[in-house]
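After the structure tokens below, expect a handful of questions from me.
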Amino acid sequence: MFRPPTVAHAHCDLYCGVYDPAQAKIEALSVLKSAEKYQGSDDAVFKDRALFIKEERAELVKHHLMVLWADFFTADHRQEFPELDDLFWRAIHQAGEAKKSVDPADGQKLVDLIDEIAAIFWKTDKAKGMGVYPPG
Amino acid sequence: MFRPPTVAHAHCDLYCGVYDPAQAKIEALSVLKSAEKYQGSDDAVFKDRALFIKEERAELVKHHLMVLWADFFTADHRQEFPELDDLFWRAIHQAGEAKKSVDPADGQKLVDLIDEIAAIFWKTDKAKGMGVYPPG
Amino acid sequence: MFRPPTVAHAHCDLYCGVYDPAQAKIEALSVLKSAEKYQGSDDAVFKDRALFIKEERAELVKHHLMVLWADFFTADHRQEFPELDDLFWRAIHQAGEAKKSVDPADGQKLVDLIDEIAAIFWKTDKAKGMGVYPPG
Amino acid sequence: MFRPPTVAHAHCDLYCGVYDPAQAKIEALSVLKSAEKYQGSDDAVFKDRALFIKEERAELVKHHLMVLWADFFTADHRQEFPELDDLFWRAIHQAGEAKKSVDPADGQKLVDLIDEIAAIFWKTDKAKGMGVYPPG
Amino acid sequence: MFRPPTVAHAHCDLYCGVYDPAQAKIEALSVLKSAEKYQGSDDAVFKDRALFIKEERAELVKHHLMVLWADFFTADHRQEFPELDDLFWRAIHQAGEAKKSVDPADGQKLVDLIDEIAAIFWKTDKAKGMGVYPPG
Amino acid sequence: MFRPPTVAHAHCDLYCGVYDPAQAKIEALSVLKSAEKYQGSDDAVFKDRALFIKEERAELVKHHLMVLWADFFTADHRQEFPELDDLFWRAIHQAGEAKKSVDPADGQKLVDLIDEIAAIFWKTDKAKGMGVYPPG
């Protein structure tokens, strides 16, 4: 795993760290699960907690998506994959919808949008060598 | 991916969300990369930024590890895998060491410890169905 | 300023709170000022602090911009102002550039992009009645 | 907008960034709006979300007010405007009251106190040149 | 209180700051109090706020405990006090339990576990000179 | 330690949790220690870390002080101890000074101001029964 410092460690990407759409997806799965648990319970305290955990996790989804959109994806990627901007708007917007909703379908829709983003992510050269468990 | 609400959505795991050692590993890779970039640069501003990004990412590693240790792993798991407590102490402690150090070897050691934890994680039944990219 | 509860307080915008591009601009001005102060000083401690204040403020700019883009602006707005997506990508991306740079011109470019966004914001009907100091 | 580095960029105000009472007011308006929406709805999930958004926004109000009080306003200002300390105590305390209350009048009272602070803010020389939309 | 810089200010503990189990205990007492207040009230808004304050405070308990375990306590301490790992697991895990529960007994159990940790803390040489109000 | 729910658990103090000036003091001691360590080292990485730890800890001091001032202390306390407002302004302002300074004397001055506040805190009836290690 160790890669010695090379000229490739350019200034331009220091703040990027390591990108992986898994970060957004893990939180989105929590959003989905919280809505499911909300529906499956009749305990008021439990339901209440499901709501604010969902709120918090959806906020993290938004953050991770914004990082992918504006830090990982370059102007060139956006030309190569012209659907990117719209896809990200819909995904980040959907994270907001999933905050408001207790319908698991809204969480699922968020997960699906992140899967679409991930599919593009793994097609790029920049993603080569990234990811903890890159798709086989 | 959608799982309808069932009796399995017990109280006991609401706050857990979705567990995946990838969260800790992604941040640990950022710690490692920041140390590498620090070493590979002679630009003072760039090096400075590498230091505080490393600091911040190492803190996130600690958080994700604590969640795995005390929320995901149960008392039963700790009996089955008696090395767990020590492994977690060393990993969380190593995140602190990696904060202090600019030697990439310290970041690598952190990554390796998380890999050891992940190996145990994926052996448990509780991890079945978890993870964004579960190992094949 | 007090507006009694009416049917207009629909679900669809609860999480939105009150929007104002001033939030992003105030932080962007801090980014700009930090770069200027970095340049204008020869005190190592002072310069160091300027760097991490700039880092932190640029992160807040990104957050405020993401909220405007995906929570304030609707799908309809994006049709009416087709430059919006690109403008937001460039502004959020520029916040990242301003993190890396100590050139005040990068902070200024960020401020200018936010001004472009604000100009569109204030053209929308949704912005009517918003803002602490709406433009005269 | 660009102001070249000058002797005026003294150490004494680096951490201050750019001050604007609009930051506190925007969050206070969110507090007010959340209470109004809470009152105007009979949807339990919606009302719940209004409560924790109000909580979070009121906390931000407190933070922004503290910054104005102890970072923007100087010992000299406090002599010139001897009501400042009491005004700030009442405003920060009122943010706490607005957390506890679902009466929009408590949010409105918070907004009014911030307006009083803003009026003093804009009277100072230090505020000259500050603010995104300084009052005309 | 002022201690001039000496050889004791080694690298190895810079990030540690000042340790005191009081930090964890103060938050744990808030958790306990929130559960008590939840039980003692029949006001829905008040009860709701008690729940999310409890959530937030329990999270802070976990953080402070993790810092004590992996930053304050050394490998040597863990040999001298072999119960430490288990004690910390149970305390951090109990903070999670106290999040889920509205039974004050769960908050009390958390406080008691922190008291056990504090008793060991104050027995160590490293704790000498630490603490704001060290036990008499 | 367990106190059963009683009429004393009034609305008016839910959000207060448990107050203890120790929280501000622990962080202030970290600020002081960071300045001392900065002075005592000639390792650039170490010194850098001391600076941003000091920054972060000073911010926490400010937060804890604001909570004491506006949540713990009442309007009545402020009449009984008319020096309170000025003392808090000076302490919160001093936390800002200690951010900017690497002179341990600035950290010590912050600690001393918190000690003055603590002395008043423990004189109040409201503080009875509070605190983890109340003064003997």
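Labels A, B, C, D, E and F are assigned to the chains in the order they are written; within every chain, residues are numbered from 1.
Here, a contact is a pair of C-beta atoms (placed from the backbone, for glycine too) under 8 Å apart; a residue touches a chain by one contact, two chains touch by 3 or more.
Model, not experiment: these values are computed from the prediction.
Peer 1: Going by the contact rule set out at the top, which chains touch both chain B and chain E?
Peer 2: The common neighbours are A, F.
Peer 1: Which one of the chains is farthest from chain A, going by Cα centres?
Peer 2: Result for the farthest chain: F.
Peer 1: Tell me whether chain B and chain C, two copies of the same sequence, contact each other through the same residue numbers or different ones, using over half shared as the line for same.
Peer 2: different
Peer 1: Counting only C-alpha atoms to place each centre, which chain is farthest from chain E?
Peer 2: Comparing chain centres, C lies farthest from chain E.
Peer 1: Select, from D-F and A-D, the pair of chains that is joined by more C-beta pairs in contact.
Peer 2: D-F
Peer 1: Can you check how far apart chain A and chain C are, centre to centre, with Cα atoms defining each centre and the answer in Å?
Peer 2: 22
Peer 1: Provide the C-alpha centroid distance between chain C and chain F, rounded to the nearest whole angstrom.
Peer 2: Comparing mean C-alpha positions, chain F is 33 Å from chain C.
Peer 1: I'd like to verify one number: the distance from the centre of chain C to the centre of chain D, where each centre is the average of its C-alpha atoms, in whole angstrom.
Peer 2: Distance between chain centres, rounded to whole Å: 18 Å.
Peer 1: Can you list the chain D residues in contact with two or more other chains?
Peer 2: In chain D, 11, 14-15, 46, 48-49, 52, 99-100 touch at least two other chains.
Peer 1: Please give all chain pairs that are in touch with each other.
Peer 2: A-B, A-C, A-D, A-E, B-C, B-E, B-F, C-D, C-F, D-E, D-F, E-F
Peer 1: Inside the complex, what are the residues of chain D that reach chain A?
Peer 2: Contact set of chain D toward chain A: 45-46, 48-49, 52.
Peer 1: What residues on chain C touch chain D, complex-wise?
Peer 2: Where chain C meets chain D, its residues are 1-7, 9, 11, 14-15, 17-18, 20, 22-23, 25-27, 29-30, 32-34, 36-37, 39-41, 43, 46, 49-50, 53, 57, 104-105, 108, 111, 131-136.
Peer 1: Could you pull out which chain F residues touch chain C in their complex?
Peer 2: Those residues of chain F that touch chain C are 48, 51-52, 55, 99-100, 102.
Peer 1: Okay, in this complex, where on chain B does chain E touch?
Peer 2: Against chain E, the touching part of chain B is residues 11-12, 14-15, 62-63, 66, 69-71, 78, 85-86, 89, 92-93, 95-96, 99-100.
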